[in-house]
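Next up, some structures in structure tokens.
Note that chain A is present in both complexes that follow, paired respectively with chain B and with chain C.
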Partner chain A sequence: MSFPGLTGESNQIKLKELDPRFRGDDNIVIMNAEEIKSELNPILHPENVAVSDYSKTGFHIEATVSPDQILPVVRFLRKKEFFLEQITGADFKETFQLSYQFNRFDQTLRVILRLKQPWNEYQVPSITSIYAGANWFEREVFDMYGIQIKNHPHLKRLLLPEFCNFHPLRKGFKFEGDSVQDVNRAWELEQEAEQKISSTVLESHRRDYFVNMGPQHPSTHGVLRLLLHMDGEIILEVDPVIGYAHRADEKMGENGNYLQFTPYPSRVDYLAGMIYNWGYVGTVERALGIELTERCKYIRVIVSELQRLASHLLWYGAFLMDLGNFTPFLYCFQDREEILDMFELCDGSRLTYNYFRFGGQERDLSPEFLDRARKFIPMLKSHLKDYEQLVAKNIIFRKRTEGVGVITKDLAIEYGVTGGALRACGIPYDVRKSEPYGIYDQFQWDVPTKTGGDAYSRFQVRVQEMWQSLRILEQALPKIPEGPYNNPQAPKRFKPNAGEYYFCVESPRGQMGIYLISDGTENPYRIKMRTPCYNNLEVISPIGKGHLLADVVCILGSLDIVVPDVDR
Partner chain B sequence: MAFNEMIHEAIQILIWAVGVIAFVTVNALALVYVERKVSAHIQRRLGPMHVGPHGLLQTIADAVKLVSKEQIIPKNVDKFLFLIAPILAFFPVLVLFVVMPFAPNLIVRDLNIGVLYVFSFASMEVIAIFMAGWSSNNKYSLLGAMRSVAQVISYEVPLLLSVLSVILMIGSLKMSEVVQYQDKIWVIVLQPIAFIIFMLGGIADTNRAPFDIPEAESELVAGFHTEYSGMRFALFFLAEYSNVFLVSCAATALFLGGWYGPFVNGVHWFLLKVYALVFVIVWIRWTFPRLRPDQLMNFCWKILTPIAIINLLITGLVLKLV
Partner chain C sequence: MDTKIDSLTPTPLPQRGRGKGEGVEHQKTGDMGIIFGTLEKILNLARANSLWPLTFGLHCCAIEMMAASASRFDLDRFGAGVFRSSPRQADLMIVAGTVSRKMAPRIKMLYDQMPAPKYVIAMGGCAMWGGPYQYEGQYAIVEGVDRIVPVDVHVPGCPPRPEGLIEGLLLLERKIIAGTAGKGQLAEAVRPTGTPVPIPPGAVKAPGPRPDQNIIEHKE
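What follows is the complex of A and B.
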């Protein structure tokens, strides 16, 4: 086995030289929905494939598949370099539906495959052999619905504890105190597992051992557990164990009406609350077809970009702290503090905002807010230059990050990696550019990319993103028009048409989307959140192999994980 | 020896012992305060401000808290080693102050093998760290201890080679003579490379950032002292700070002319230089990220050691020719 951690620099150069994908000279073949539809014809019956109205549903192609068609179709999509966005289960009382969602990095072409069958005869093969990133999604479906997935390599519960005997997202599920077994049982199970491991180790006198990094550990950024299989300091395998911060956000969404769910998304990723607000509100607006006022559009861009800056600043400090450099953390915190103060002015809350409403905002941006924002931009610019001098050119920092945790394009496609982690491997995919929401297409800005795919490239990309956010803010702040911040025609009570809707935004960590199934009532029927950290964390298993323990911390920091965002 | 002289000698030893222990403790508290204040100002904040004027009594309050805390001994530890390790970590610190030449008349014992004595006792620290890591029965502790052993043993090579080139020039291992040699010109002027190697090796030997891989809180939680709490933790803590002080003391005596300075020579010059070095070490800690273990080893064996050897050869050659 090779140890990329020990031969750091050469790795990066090799990637660039040998892999034609990184040269950036291959021709991009633009495909349209009709072409894909016709190419799918040999596999699927034409009646089952439909070209959808993107502006209404968020999908380009909707297809119904049967269990024996799923593997050929997915294989076809993999060959066409579609990446896996998400797999969602939904309980329709008598029937159960799995939807597989794919998209492309170079152009937006969202394909959704639906597999609907009666509950009692549900049969579905695993697609992990084609898309390795489907592993967690399929486990989650098994966890939440109890659907057995054939040929899955490791089908066990993902978010809930293993001793649970219920499947909470089934419509018939009623929570009863008795259905949760004693916590002691969990403890016993852990003990048994541990004894099993330790006895095998003792028997065979093996050199390797296991370390549970987390759920309480200074640099797992919350309650994340990494099960490390190690030989000395070298990592043989990384297995993230998630679910410690699972708060059943999706179930809560089904239990209330549309407005009642608005506060929850900002709790999912507490570092990007404003953007998650937009993600949810935007989905409902797409379902209802609500138009926004001009001022509202500007407000949304301004708060989102400030939020992105705040999130990236926190990441900047936390990443450096993972590498043992404590000081930048406090510098970045001071800048972030200024943004939080501004948000307090506009929303009253400092971390978990509830600022967006269907068709507008909760209240207007005050002149004081705009004033402070205008003063903030030049201040942050000068600070960013200082940080660049202090950190990015530091030799220790570069040695620690260069060539560490390289994500290739193939991995990104299989795992659905998005955000800065994806742009660091040379793919300029940004939801704000590829499917512009709001008024992002009216501003001049670039999508920064780097070609290394390693932790250092991810660092550079995020720093560049901060500069681009500042650029957008500089254009948006002077131009913000007067007028109403709310669309007065937006309905207070509403029932969206029955159907499926998808809307996504670019969170600081990647593509955050909400997949909404409406049954035409006042309550959402199913809400699935496509959170970027879920996919971005799963990729640590392949890229962490062969590195040192110290590098795992670096990789985790560079991927910018927010644990509740993974667990939801 | 007359009986009176023996009594005289015994009282003298007692006074010195009490003096050394009092100095070590008070000094360590002062160092903690310095670290907290310096780091705070590096990070654009104030640091401790509430206990006493400008937080001067904060470290004393912390020490009282640590002393009064419950002594937790986890299950399945090797109890004997677990209990003895912090004491063993603090012991060399006390012993090392015996030969430190603060001023012409302020040396507890001016041994004629002073320099050798300093470095042989200083390397005992690693045994205590390994005992702590091994006995804790914790994987992070053991990893930290393993890293520590590898690091300290490696960095002692360039450290001692750089000291050797100084000793070669001076021709004595006696601390007072080492300082007296620098009456006219400080050794740092003659041996700048040796000084840099000495400081780097010293920082690595005391497990300070950026060489703090045995503790590496973002990787190993707290490294070898993960399982320690209360006063036992405090002993490791005080030992670390005292070691920083001792490395600075040794550097001052060997390279920076000890008690010599403009105007009046004396202990104030010695302490001033020592605290200046401590400040630099603190400054480095709060500025740089941590190295990775393999990079640390590469740096030692591939860069520092060859330079130290070449420096020693050149020193010998020049001394032979001149």
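What follows is the complex of A and C.
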């Protein structure tokens, strides 16, 4: 058994193994939707596959499948190197629908498979044997709807406590419990379960043991619990237990109307509030077909890039604090406060924003904001150089991060890893480039990549991303045109046509998308958030194996996890 | 609530000149004045000025808590900057964020593990009464952490600014000196200037139908 985190030698071997696979990216074969449709013909009836209008729905291919077709189709997509974006359940009162969503890293080709059947005879096989990342998605469907998924390795609740006897996302569900009583009950049950585990380990006189990391732990960045199966100081298995930060965002989306949900996305990932605002508002705009004014497009890019800088600065400080360095934390917060001051000028809030509206912004960017932003760029540039000298060449830092938590391309495809974690393994996938929303295609900037796939590469990629964000800001700030910041023609009542829509943005942590099912009324029928941390955290199970306990902290920090983003 | 702490205020330091800077107030003579009081009061004075909070962030408010302890706001100025990762070393729990039902037993456990005397600050609307996540039929959260642990100070906001947390902390320090903190009483809310008085958690009712649902259908 080799432990990749232990010796430098094994790291080098591992990296050599990885290299040729990444360099194969030069000969990309561009596929189009018609080709995929014709190749799907032997498996699916041509009537069930439709090429969709991407600009209106966000999908390229929409297909209806039956339970016996799902495995061959998914196997075909896996062979073609599609990655799993998400699996969504939706309750249509008499029928239930599962949507499997796939996309490609090298070009945008979003395929959605729908499996719709009556509730009482719903049967679906698990696709975890093909896409390991489907594990959590399928457990979540079981948790929220009570759908039994065949051949799933361990189908149990994901977000809610084990003892719950309800499935909240079913339509017509009404919660009638007393939360305090439930808390006491949960407590008793967990005590029993813990005693069982400890007594079985004691009785069997095994060498291995379990370490419970979290939910209260300084370096889990929130309330995340990792159940670590250890042999000495070597990790045999990592089992993340999530749901400690679950607060029913998706259910709340269904309860109010479209406008009432606008403040909530920024609370899902509170480090990227502006970008999540855009993700939600953009989805509704796509569904309603609202155009934006030129000034509004610039405003959105400017605040999003400032938000990305703020988020990366916090990550920089927190990641290094996890590894024992306290100074970067203090330095980075100083710079971050400057950005928060600017956001206070435009939105009034420091952290959780509600700045975006359907068809425009809540208010205009003031000249003072733009002035401060212009002054901020050179300041941060000089600071970033200092930080890099302070950290990047530090031998202790490099020893802690190099070769730790290597994500390979295969893992990224199976788990749907996106963001800096993906770009660190050599795949230049960035939503801003691959499906340019807003006006990102009008600026000159690059997608930084590294080939290591380890924690150090992720660090380097994120630092480079900050420079690229500054580059975009430098181009956007002088060019911002005068004019209205709101589209006066935007409708005042929001009633998208019945249908399904998807829109995604590049959050600091990866692809954040909103999958919206509208039934033509004023309330969203179903809102599913595709949050990057969900997929990026799930990958810790395979990459954490064989490392030392202390390396888990480093891997978590380098993946940049925000826990409410996982739990929603 | 006004607390009389005048009797505990140290007598002002005598001004002394030393060396060249004559007339400069010298703070480190060792002459700290004289304080009269019971031992309990003296201990409370010490406790109030060296709070050790538990590193424990739940949601968004945790970031503002971090910001409060970082460069610009520097919680250490008020004697509460030593964040401890273990509940056994901490005496102040800042509940920063929504309390989910899965997390609630852990919060109670952490509170039980802290040595007495211990104090709790509920930071943000969620920890006070559910905040923006409170609605009829909410299945995932406990609406208000004071249903699980006794809270000394509530700090409203979504999230509260670091200044808000600092004000809450100063209020807690005043309460500790007065000897009224950590007794499991109903806590008084922090009142930032210029904002409406927050509703005490017990008096909050579930909101009725959302106002927008009453809007008359727009004719197209």
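One rule holds for everything that comes next: the second predicted complex is superposed on the first by the 551 of 568 C-alpha atoms of A that agree within 3 Å, B and C clash if a C-alpha of one lies under 4 Å from a C-alpha of the other, contacts with A are read in each partner's own complex, and residues count from 1 in each chain.
Criterion: a residue touches a chain if its C-beta (ideal position, glycine included) is under 8 Å from a C-beta of that chain, and two chains touch if they have at least 3 such contacts.
As the structure is a prediction and not an experimental result, all values here were calculated from the model.
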| item | value |
| --- | --- |
| First (chain B), second (chain C), both or neither touched by A:Pro263 | second |
| First (chain B), second (chain C), both or neither touched by A:Phe76 | neither |
| First, second, both or neither for A:Ala550, with chain B first and chain C second | first |
| First, second, both or neither for A:Gly222, with chain B first and chain C second | second |
| Partner chain(s) touched by A:Pro161 [first = chain B, second = chain C, both, neither] | second |
| First, second, both or neither for A:Asn394, with chain B first and chain C second | first |
| Contacts of A:Leu330 with chain B and chain C, given as first, second, both or neither | both |
| Between chain B and chain C, more extensive residue contact with chain A | C |
| Chain C-contacting residues of chain A that also contact chain B | 217-218, 330-331, 334 |
| In the complex with chain A, residue positions of chain B that touch it | 39, 42-45, 139-140, 143, 147, 209-210, 212-213, 216-221, 286-295 |
| Chain A residues touching chain C - in the complex, by the definition given at the top | 159-161, 166, 168, 173-175, 177, 179-180, 182-184, 186-187, 190, 215-218, 222-223, 243-248, 251-252, 255-257, 259-260, 263-264, 267, 270-271, 314, 317, 329-331, 333-334, 336-337, 340, 350-352, 492-493, 564, 567 |
| Chain B-facing residues of chain A, complex | 5-6, 209, 211, 217-219, 233, 320-327, 330-331, 334, 390, 394, 396-397, 399-400, 548-551, 553 |
| Sites on chain C touched by chain A in the complex | 54-60, 62-64, 66-67, 70-72, 85, 87, 97-98, 100-106, 108-110, 126, 132-133, 135, 137-143, 147-148, 158-159, 161, 210, 212-213, 218 |
